[in-house]
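In C-alpha cells below, several structures.
Each of the next two complexes has chain A plus one other chain: chain B in the first, chain C in the second.
Showing the complex of A and B:
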C-alpha cells in the first residue's frame, strides 16, 4: 500500500508502470549485448528504464505520454534497418505499448477525478487508441514480415489507395452514387408510404407487422442472384436488392413511431377539430421522427452492404463489390483494403449526415437536448 | 369470427394468402414472354388460357418459379435426397448452420468479454466504445471474401473463416447491448452491495450479470440473424466448401432459379428457427430466474 500512496497510482497503473520499466531494462540489456541497436532506440529504452524512479518520486502523466510518442518514433525509425527485427525491438514495442496504456489509464483517471477537462481530453483517448492500433498493425506486419496476402501494412494500403484513385472513384460512383443512393431512396420512401397507408387499417397493421419483423431477421441479401437475373448486371439490380433490404426496417419503425403520440395528445388534436392529415402532419409524424431516423440510420449501413454483396453475383467491370471479389482472386489484397477503406469512409459519412439531419429535425427529443447541454 | 379477426393469427394468414396469390399472378406475368417463345418454337398454336397458365407455372428455369415449384424442390432436395449427397439441401444447410453457430458462440463470448472489460475499466471504455459504435456504420461484410481467401492462403480453410466472419458480425450487438445491460443496476443497488461488503466478483455475479440477461437475449436475437448472413456471404467466396451460399452462387451461374429460391427459403427457415431458439432459451432463462411473464 505504501507504494500506492507514494506514487499516486492505482494498482493496475502500478503494475503497468513496473511492467513498462522492467521490459525497458530487459530490452536495454539485450540491445547492449547485441551491440547493433540504433541510438534512438537505445535512448528510448534508457529513458524507459529511468521511469522506474517513479517508485521514489512522482512522475507526471505527460512523461508517460511523451515516452509513448518517443518510443513510437524510435520504433518506426528502426523498422527499415533490419530484415528480421531483433528481440529487443519487440521488447521496445511492448514497453511502448505499456507506456501508452499507462498514459491512457492515468488520463482517464484524471478526467474522472476532474483534474482535466473531459471535453478536450476525452476525445484524445479514442483517437490515441485508433492511432495506436494503426501503429501496431504497421510495425507488426512490417517487422514480422507478415505475408502481404494475409494482411498488408497500412502504409502499403495508403500508397495503393493514392495510386489507384481513378479506379476507386469509378467504383464509388457505380456502387454508391448509383446503386446505394437510388435503392436507399426508393426503399425508404416505399417503406414510409406503405407504413402510412397500413397505419389507417388496424387489421393490416396486425397482419403486416409480425411479417415485417420476421422478414427483417431474414438473410434478404440472398435475393441478390434473383435480382441480377431480373434487372440485369448494371446498378439497377443492386438498387433492387437495396430496396428489398431497406423496405422492412423502415416499414416496421415508421408504424411503431406513428403509435408514439399518446392518446391525450390525440384527444387534444380532436378538440381542435383537426383532420386526419392535420393530426398526421402536426402531431404523429413529428412524434415518429426518432423512429424514422433510427430506420434511416440502420438502413444506411444495410444499403451499402446490400449493394456491395449483390455485386459479388455479377456486375459490369466496375463497382466496389466487383473490385473486392476480383482483386481478392488476384491476391491484390492491398487494393481490396483500399476499397474497404473507401467503403468505411463512405458508410461513416453517410451515417454521419443522417445523424446530423436527425439532430436538426428532432431537436426537441430528450436524447438530443441531453447531448447538447 | 369477430374474435378471430381481432387477434393476430387471422390477419397474418390473410396477408400471407394475399402474398401467395400475388406471387402466382406475378409468375404468370413474368414467365409468359418466355413461354410464348417456347410455344412458338414448338409449333404449338391455340394454347388455351388455362393450359398456358399451367405451363408458366411449370417451366424448367422460370424467371419467377411458382411457390409449389419451390416447395417441390425443397422437398426433393431435403427428404427426397440422401443427406450425405452434395445435392441435398439438408447437407448444405448443415454446413451453413455449423459455421453460423460456431461464429455466433465465439461472437457472443467475445462480446460479453469486451462488455465486462468496458464496464469495469474507464480507460478501455473511453478508447473502445467510440470505435465499436463507429464500426457499426462500416459495411463489414465487404471483407468476407478477403478473410476467406487470406486465411485460405495460409492454410486455414473450412469452417473457421466463415465462423470468423459470423463472429465479427455478431459481436457488435452483444457488446453494445451488454454494456447497457451491465450498467442497468442503479447506484442504490450498487450501494447496497457495498454495505454487504461484496467483492467485485460478487457484485458482478449477483447483481450486474442477472440484470443484464434481458439485454443479452435481445442482442443475441439480432446477433444470430446476422451470423447466418455472415456465414452465407462467407460461402460466396469459397465454392468448394458447400453451404447455402454456394447453392445460391451455383444456382445463379447456371440459371437454376428454382434452386436459388429453394436455398433462399431454407436460409430463411434457418434464420427463423435460430431466432425462435434464442427466444425459447430466453423464456427458459427467465423462468429459471423467476421472472413473471
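Showing the complex of A and C:
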C-alpha cells in the first residue's frame, strides 16, 4: 500500500509513471522518425516524456490528469488524419491510458488520505472510468477501421440516436411505458398478494409454491408466442410475459421475508393479543421490506429483458424488441446499439429509482444505516 | 374453565398455580419442564424466580403469559385462565432481549401496544412511561442509536405504557454488564415503589434476586420444580449497599443452599 519511495508514489504508481514516460519516449522517437506526426500529438508525447522528471521533482497529480486530457484531445484530433493509424498513434493511446490510470490511482489515494474531499472528487473516479471506456472504444473502432457491422463507434451510435429520436421515443413508449410498467406492477402485485395468501394457509403453501416454481421454470421463448396467441400482438401479450417472469421472484422473496420477524418479536405481539392483520402490518411486513425490495430490484431488470425478448415473437411495427430484431436483419447495427443504449439507461434508471425508495423505506436495516448508526 | 379457589383466599392472588405441570414432547422423548408447581403471587408483590438453566423458570413465566400451555394442574391469572388474561391485556412482558422494532423510534415503540389496543391519550402515556424509566429526551431516537441498557429501559417503558397491573420480566438485564445492571436494579425498585405493580422476575443472579424481591422462588431442573420459597424480611427502602448487611447475606446464603440442594451432579 504505502511502500512509498522518495517520489511520494506507491510502487504501482511508480511503475505506471515509468511506463507512461517510457511509452511516451518510444512514441516520440517513432513519430520523429516518421516525420508525419501532427503537432498536438508531438506536444503530448514530448510532455509525456518530460514527466520522467518526476524521478527528481515532485509532480502534482493534476499534471497527470492534464496529460490524460491532452492526450485524449490529441488522439481524437489525429484520428481523421490517417486512413491506417501509424504505430506511434497506438503508443500515444497506451501512454494516455497509463496517465489516466495513474491519475485515478493518485486521486483515490488522495481521497483515502483525506487530502481531497471524497464528497467532491469521489464521483470523478467512476465517471472517468466510464468515459475512458467509451473513449478507448471510439479510438479503437475508428483507428483500427473496425467494420461498422461488428462494432460501431460510440459517436456513430450517438449520431444515429439523435437522428432517430421519434422512432426511439415511440419504441420506448410501447415497450417500457406500456408493457414493462404494466407487467411489472401486475406481476409484483400478484406475487405479493399470493405470498400473503400462502402465508395465511399452509394448504395454499403446498399447492401454490410448486406452481409458481413451475411457471418460473418455463422458458420465456416458449411462453412468449403462446401469450401472443392469447393476448394479441399489442403490448398486452408482452405484459403477460413480464407478469410470468416477475411473479415468482416476488412470491418467493415475500414468503421468505414474512418469516424474518424473530420469535421474540412475534411473542411480543401475542402478549398484546394482537390480531393477525395487526401483526402483519406492524411487524411482519416492515420486517419483510428488505426482501420485498430485493425482489422489486431483481424484477426491474427482468421485466425489461422479458418485454424486449417477447417482442421478437410478434408485435405491431413498434417496440424496442421489434426494432432490434428487424434492424439487425437490415444490418443497421448502429440503430440496434442506440436501442440497446436506451434500454440500458431506462433499465438502470428504473433500478435506481427502486433502490432510492428502498433506502428511504428500509433506512433502519443494518445494511442501509451503516454510517449513520 | 378452571376451578377457582374460594374468593376469600383469592382476593389478593394475582397468579395462582396448583399442581402445575408442563411436558414438552421432543424427538428425544418427553422433557418435563415443570412438575407439580404450587405457588401464589399476591397483589403488589415482587417475586423472583431463580435457578440454573433448564429449571423451568422462564417456562413458568411464559405459561402465565399464555405463551406456553400447561399439560396438567391449574393456573389462574387475575382469577381467569391465562388465555383470557392475555386477551384482557392483563400483563406487560419484558423479554430477555429488548425486541424494539428498529423501524420505529423509541416513542413509536412505546406507542406500539397503545396502537394495537386502541388506547387514547398516547402522547401523555408515552411521556409518562419514558419519564418513569428516565428516557425523557430520547423519544425521537431509533433503538439502534441507544446503548443496550437504554434499549432495555425502553422495552420496560413499552410494557408499562398500557397500565397492566402485572409485569412479567424474563431476565431483562441478563445481557448487560454489572454496573449498568446495578443501576437498572435500583431504578426498577423505585419504579415498583411508585407504580405498586405486581412483578414476576426471572433471574439467575442471587444478589439480583435478593436485592429486588419480597419473595424468592428457588427452582431446580430435571424435572423443573420449586424447591424453596423464601419471604424476604428486608426493608422496603433498599439502597445498593444493603447488599453488604448481614440480613442480606443470610438471605443470599439461604438461596444458595436451596440452589445447591436442588442441584445434581449426575452428568
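Everything that follows uses one rule, which is that the second predicted complex is superposed on the first by the 345 of 373 C-alpha atoms of A that agree within 3 Å, B and C clash if a C-alpha of one lies under 4 Å from a C-alpha of the other, contacts with A are read in each partner's own complex, and residues count from 1 in each chain.
In this text, a residue touches a chain if its C-beta (ideal position, glycine included) is under 8 Å from a C-beta of that chain, and two chains touch if they have at least 3 such contacts.
Just so it is clear, the model here is predicted, and its values are computed rather than measured.
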First, second, both or neither for A:147, with chain B first and chain C second: first
Which superposed partner A:82 touches (first chain B, second chain C, both, neither): neither
Partner chain(s) touched by A:107 [first = chain B, second = chain C, both, neither]: first
Which partner reaches more residues of chain A (counting touched residues only), chain B or chain C: B
Partner chain in contact with A:276 - chain B first, chain C second, else both or neither: neither
Partner chain(s) touched by A:15 [first = chain B, second = chain C, both, neither]: neither
Touched partner set for A:62, first chain B, second chain C, both or neither: neither
Footprint overlap on chain A, where chain B in one structure and chain C in the other make contact: none
Residues of chain B defined as touching chain A within the complex: 5, 7-8, 10-16, 63, 121-123, 126-131, 134, 136-143, 145-146, 149-151, 153-154, 221, 225, 228-229, 232-233, 236-237, 244, 248-249, 251-252, 255, 257, 260-261, 263-264, 267-268, 271-272, 275
Residues of chain C touching chain A in the complex: 65-67, 86-87, 89, 91-93, 95-97, 99, 101-103, 112-113, 115-117, 142, 144-145
Touching residues on chain A, where the partner in the complex is chain B: 12, 101, 104-105, 107-109, 111-112, 122, 125-126, 128-130, 147, 149-151, 203-204, 206-208, 210-211, 214, 217-219, 221-226, 228-230, 300-301, 304-305, 308-309, 312-314, 320-321, 324-325, 328-329, 331, 333, 336-337, 339-340, 343-344, 347-348, 350-352
Complex contacts: residues of chain A adjacent to chain C: 262, 264-265, 267-274, 278, 282-283, 286, 289, 362-366, 369, 373
